[in-house]
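Labels A, B, C, D and E are assigned to the chains in the order they are written; within every chain, residues are numbered from 1.
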Amino acid sequence: MIDPLLLFDVILGLAIVSLAVTVLVVRDRFAMIVLVIVFGLMSALAWVRLAAPDVALAEAAIGTGLTGALLLATWRQVRTEPERWPALPRGVMVINMGLCALVLAGLVGAFLATPLGTPGLGVAVADNLADSGVEHPVTAVLLNFRAYDTLMEVVVLLVAVIAVWMIDRGVSQAPQPTLGPELGDLPRGFARLVLPAITVIGAYLLWVGTSAPGGAFQGGAVLAAVGILLLLTQRYQPQPSHRPLARGVFVLGVAGFAAVALLVAGGGRVPFEYPADHAKTLILLIEGLVTLSIAATLAALFHGREPEAISTQGGRS
Amino acid sequence: MNNASLLPLIILLIPLCAAPVLLALPERSAGLRTAINLGAALVKVLLVAWLSWKVSQGVIYDLRWTVLPGLDLNLQADPLAILFIALSAVLWLITTVYAVGYLEKGPHRARFFGFFSLCVAATVGIALAGNLFTFLLFYEMLTLATYPLVIHYGTAAALRAGRIYLIYTLGGGLVLLLGTLGLWVLAGSTDFVPGGILEGVAEDTPLAAQLLFAVLIIGLGVKAAMVPLHSWLPVAMVAPAPVSALLHAVAVVKAGAFGIIRVVYEVYGIETAQALGLTTALAVLAAITILYGSIRALGQDDIKRRLAWSTVSQVSYIALGVALASPIAAMGALAHLIHQGIMKITLFMVAGNLAEGLGIKQVSRMNGVGLIMPGSMAAFTLAALGMIGLPPLAGFVSKWYLAAGGLDAGQGWVIPLLLGSSLLNAAYFLPMLHRAWFRQPDAAPQDAPVRRPIGWMLAAPPTATAALVLVAGGLANAPFSPLEWTRFIVTLEYSAEAF
Amino acid sequence: MSIELLALVLIAAGAAFFVVGTIGLLRFPDTLCRLHALTKADGLGLGLTCLGVALLVGSVGEMLRILLIWGLVAVSSAVSGHLIAGHVLRSNAPVRGR
Amino acid sequence: MSTGLIFGLTGLGVFVVGLCGALVLVDPLRRVLALKLCSVGAGFMLVVAAWKAPPEAPDPVPHALVITGIVVMISATAVALALIRRLHTLEHEHHD
Amino acid sequence: MIEMPAIDWLTAVVFAPLAGAILAFLLPRQAHWVGVGAVVLTALMASALVLQVLTEGAVVTPLGNWGAPLGIDLRADGLSATLMAMTTGVGLLVSLGALNSYAHHRAPERMRRYFWPLWLLLLSGLNGVYLSTDLFNLYVMLEVISLAAVGLTVLSGRIEAVRAGLEYMYASILGALLFLLGVGFVYLELGRLDFAGLLAAPPSPALGAALALMVAGLALKTALFPLHVWLPQAHANATAPASALLSALVVKASLYIVLRLAQYLLPLSEVLVALIGLLGVGAILWGSIQALRAERLKLLVAWSTVAQIGLVFVAFARAGADGVAESWKAAALLMLAHAIAKAAMFLAAGRIKEEIGHDRIRELDRSPVRPTLAQLSFALAAISLVGLPPSLGFAGKWILMEGAMTSGYWHWIAVTMIATMLSVAYFSRVLTGFLRFDRQRTTVGEHQGWALADAAPLTLALCALGLGLLAAPILAFMNIGYPFGGAP
């Protein structure tokens, strides 16, 4: 008899694929964004089924929640533009689709020919977990074994916020329509009510990451949601004078992480080699700084333009 | 005795370093430019003289720099190099004087002299190249440096000529690159060594050696303007007179001819080349070019164009002499490298004077110019008679040795060929002389020559080179004459028993 | 055993409410009606599910956390329902009986 | 048939759907979503690579990699969206 | 004896530009000084690393002291040290050019403020790629590079640049994601991602798929025909120093990864190598044809990049999968040559545009200004790209053709010859334009447009030309640590 959970998996898998297709073909772009959010949540569910709760949490918070917020914010700005549907020559489209079909066939063939469950590095992680300073293996990989990758990932965020500040100069003809008044009073009250709670949750996720699913990225994402809420309800309005501080917070994670990585070196130790008895403290320190940076950065990515841009550009052209 | 001193490098660097300075100078600082030009040319002549003296004492300069594993840049001052470098040094000096006078008021002088200098540096490099790879480097550099000179006037015709020139010469350069590569793969070296480096290869894979020869000769033949790769040369006549003079006498065509000499003697070795039957093929090709060039020269009314076709024909004397595989013919060929240079440069400079001073560019308008410009036309006459081969002028000496070499090598057909060619030479030069000296200047107003006095800088150089034509012929047996120097070279290239 | 059974029943009931809510979402004619179906049914469905799950977990701490989740979702769905309704009223979306 | 297999195929399907979209679509916003689909598809493959039949614990390394991938992807998305907004603004200035 | 503090140069060359970027971002007003300072510092550290590789052979740092495959190792052998040195060296000169270019009164303050952090982050990412030995780490580094490069592309903020930047962004992300899926397949099969783990792997369908995916992604990022569509507009519309960095350095990172994959994985796939060679030929032809048709100088230069990249792929693929152990040398030399010459060329093109006010090829000869030095730099760079001796480009072509001839692959010789002829054809369009013919006579003496900014392109162009003389030691250095195994 087929395991009913497998049946569930099949249905979920089919749902995910058909959602993916629908996202790309649905006419209304708002619906498209809503569907991609649903798609992300479904994927997160699938990852729970694959015993990857950390990934599911990250996908739900960052890949779906915050990405959805970014998409909606952009959609608001460009929605006046009529959607451009494929204008490629028919022949090109057919060729491309045929190519994709071939790729799919090849990949599925290769996948089916590969046995699942290779030993992988899980054993090595388990063996060295005790020396890593944390108990949760995913956090150990992220912050210790492959800390270099994680540092570079925070660097990617930094690059993104710099690039976005550079690229996005707001709408130049008229001041940006603000969200605030439209929202009414209730959201403000709501924000006042839940903000402390969410902040606490974010901090909790960060702290719990050392021993259970959670960590800097998930915590940072939740805190970023606080930031977005503050921006939406205009409890916080970015000012040009805040820029130095903002830059400082953006780089905090990278700078702190890199500083720790380099400072522990010397005396026979290589970079990223935390002294055994301080490993947990250092990792928590790094995570704390990174969480702050991630939160600020993600919120800034949502906000888009550099605070200055609106005041100077808005008036001029 | 080998000497690793930097003298050859310094000689190369003089024009090479002068070039960027000249390019960078503002257009208006004519005085400084002339000083640099003449200064560099003079210093170079002196250093070359010093180098020649040392080489005549048996010193061989050899400088090496490894570029890729097994592939060296090599500057080598051997007697053959001296022959070419001396020609380049002396004629650079003379042409520079002429060019300064010729372009006195013209546009883009900075550019002109910069590339002119670069062009000379390239010929020095070609002369001193100790292997085919180094030769290739300067061969390509020569192409690039002459292109701006060819299109100097920027007219539609000049640009077209430039395009044709570039396609031919860069194509030739690529073929030569292929040949160099092939040589390297076949022989494991590209060095120029008296007696050649391909003996073993020729025995093992004669076909490969023959094919390679064909590739190399095609690559070099483009610049040497051998039929059927000659078409660029008559077209390139749109260049200013000093450029044409240099192109024909020293730089481009001679680079090709010099390369052929190196390939036959020092890559294949004359015996190997003969054994493979390559010399015969080359001789036939040269003979065809000699006759074809002369015949085409007959029909040209444009003076420079007629001279250009004459060059096509004359340069192949060199290839012919090399291909005859006789030491005596070889002397003729090598001497002709020099002799043709000084004769042809005289002719071109006078042609330039006619155009500058009188506005005459056609043979049909040369009536009576001898009376108007007696000095220049005297020089022209001397050089033209030399080309025909009248004793005791330079051209006679080389043709004599070629003919004697042909007999020596048992190739009797050379005698009628040379005779025929000389007759053709006479047929296209004598009418020019006749018009110049024995006809009255045209009276028709539209044809009346515009007279502009030409300065000494235009008048003196052809006179000087004409004097050289006389000296090189008359004193052919004096030490350090071109002919005597070729004897020195030939003793190196031919093994002792060949004499 | 009985606790587990109870939890199962609660979760099943919660799921049933979700199904009903979803049917409403699909079948009702205009936005306000759909909102009505969704908020009510989902609020209850989630509450029942949370209750069921809370019975299954061992510790009190975990239970409190689940309760917190329920509370947050309840508050936020109320606020978002309010926002959607406000938006519908301000815009010219078709509403029955308007 | 196993959970890993099912979701591996799901991931490949999602990736190729995204790839197809990236190659065929022209609307800027939708192309961003196509890439988002690709990234989720690739994430699936890594999570499946980590997956072990239930009693065994999964390999944490690919999980960490996917988390990194998710953060990287939101960064890229944010930049792409900023470009889209900027382009929209510029095009409107153009038309006026 | 004084004991030297054991500075880990491998980490240093990645972290120094990172620190510089942070500082430059925090101090926008001093960004240019911070930026140049950081690049100089990085160049010094890079020299130290090169020296270390030269004296000690390949250098490895196991970050966190875990060691691969659990941790990530940084490793510098001859090949990676060469490319790293190339990146910092070219980067240093482009920085000096940029210092001048963005200090220009016409350049908005905004450009100055953002150029430096983005460029330093890019430098950090590039060095990171060259020193990485882990597939996933390469993916992250590629993303650092992508985002920074897109930022640099749209630095001018003009609509063409933004449009091109968006296309670049799509291509770049898609390329990275193809790579990431390939990484997934590798983990699926091997359960590890370090290079050493790949080396021992027997062929399998999953690795075949992984290789195909990764190469496809990298080909997209490096603009191999027919995946090049994004490149010309992106490189042609960026500001000059940005174009120089993008064309000279950024595409090299993905090319380098292809080389590395070749080292470890390519023996798996003969068909793929043949395909790469074929596409290389397509790139040469199509890129050259477009360069012949281009009307603007920078567009021509950008199309020439497409063609030149094709040549690198040809050099790489010319001897089949097993021949890569030899043919990588030609590919690496050509990469080096292209990086240096193309940086010179874009900077020179930028200077020419700055001086004469436009970059329409047809009208290059009609300006009263004569930017001699910039034109000279352009010409010298063109000589190297065409591959005339003694340039570095020539050395690369020589090895390519020599190898092809030795093994009797005459068709590759023909391809190289055709590539050379075509490059002569399209560059001569520009060079002829530099020789002015008085179509517009000016009564006042012509103005020579020189500036200190010419120093950077000129130096680069001279390097491109002169380094050919050092090809032998460069080759020997690249082989330190035997990147492709076997005897030297």
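Note that a residue touches a chain if its C-beta (ideal position, glycine included) is under 8 Å from a C-beta of that chain, and two chains touch if they have at least 3 such contacts.
Here the structure is a predicted model, which is why all the values come from computation and not from measurement.
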Tell me which chains count as touching both chain A and chain D. E
Which neighbours does chain C have in common with chain D? A
Taking chain E out of the count, group the remaining chains by whether they are connected through touching. A, C, D | B
Count the C-beta pairs in contact for A-E and for D-E, then report the pair with the higher count. A-E
What is the chain whose Cα centroid lies farthest from the Cα centroid of chain D? B
Report the chain whose CA-based centre is farthest from the CA-based centre of chain C. B
Taking each chain's centre as the average of its Cα atoms, which is closest to the average over all protein Cα atoms shown? E
Please work out the Cα centroid separation of chain B and chain D, and write it as a whole number of Å. 68
Chain centre separation (chain B, chain C; CA means) in Å: 97
Averaging C-alpha coordinates per chain, one finds the centres of chain C and chain E separated by a number of Å equal to 56
Interchain centroid distance [CA atoms averaged], chain B/chain E, Å: 43
In chain A, what residues contact two or more other chains? 107, 111, 116, 118, 120-121, 125, 145-146, 149, 153, 156, 159-160, 163, 167, 169
Using the touch rule from the top of the page, what residues of chain D touch 2 or more other chains? 15, 18-19, 28, 39, 48-50, 59, 61-62, 65, 68, 72, 75-76, 79, 83-84, 86
Who touches whom among the chains? A-C, A-D, A-E, B-E, D-E
If we count contacts the way the header does, which residues on chain A are in touch with chain C in the complex? 183-184, 186-187, 190, 193-194, 197
In the complex with chain D, residue positions of chain A that touch it: 2, 5-6, 9-10, 12-14, 16-17, 20-21, 23-24, 29, 32-33, 36, 39-40, 43, 46-47, 49-52, 54-55, 58-59, 62-63, 66-67, 70-71, 73-75, 77-78, 81, 83-88, 93, 96-97, 99-100, 103-104, 107-108, 111-112, 116-118, 120-122, 125, 137-138, 140-142, 145-146, 149-150, 153, 156-157, 159-161, 163-164, 167-173, 217, 294, 298, 301, 304, 317
In their shared complex, at which residues does chain B touch chain E? 20, 23-24, 26-28, 65-69, 71, 73, 107-108, 111, 133, 136-137, 140-141, 144, 148, 151, 153-155, 159, 162, 166, 170-171, 173-174, 177-178, 181-182, 184-185
Residue numbers on chain E that touch chain D, as the complex places them: 136, 139-140, 143, 146-147, 150-151, 154, 157, 159, 162-163, 165-166, 169-170, 173-174, 176-178, 180-181, 183-185, 187-188, 191
Within the complex, chain A is touched by chain E residues 5-6, 8, 11, 15, 18-19, 21-22, 25-26, 61-66, 69-72, 110, 114, 117-118, 121, 124-125, 128, 134, 136-137, 140-141, 143-144, 147-148, 150-151, 154-155, 157, 162, 165, 181, 185, 187-192, 204-206, 208-209, 212-213
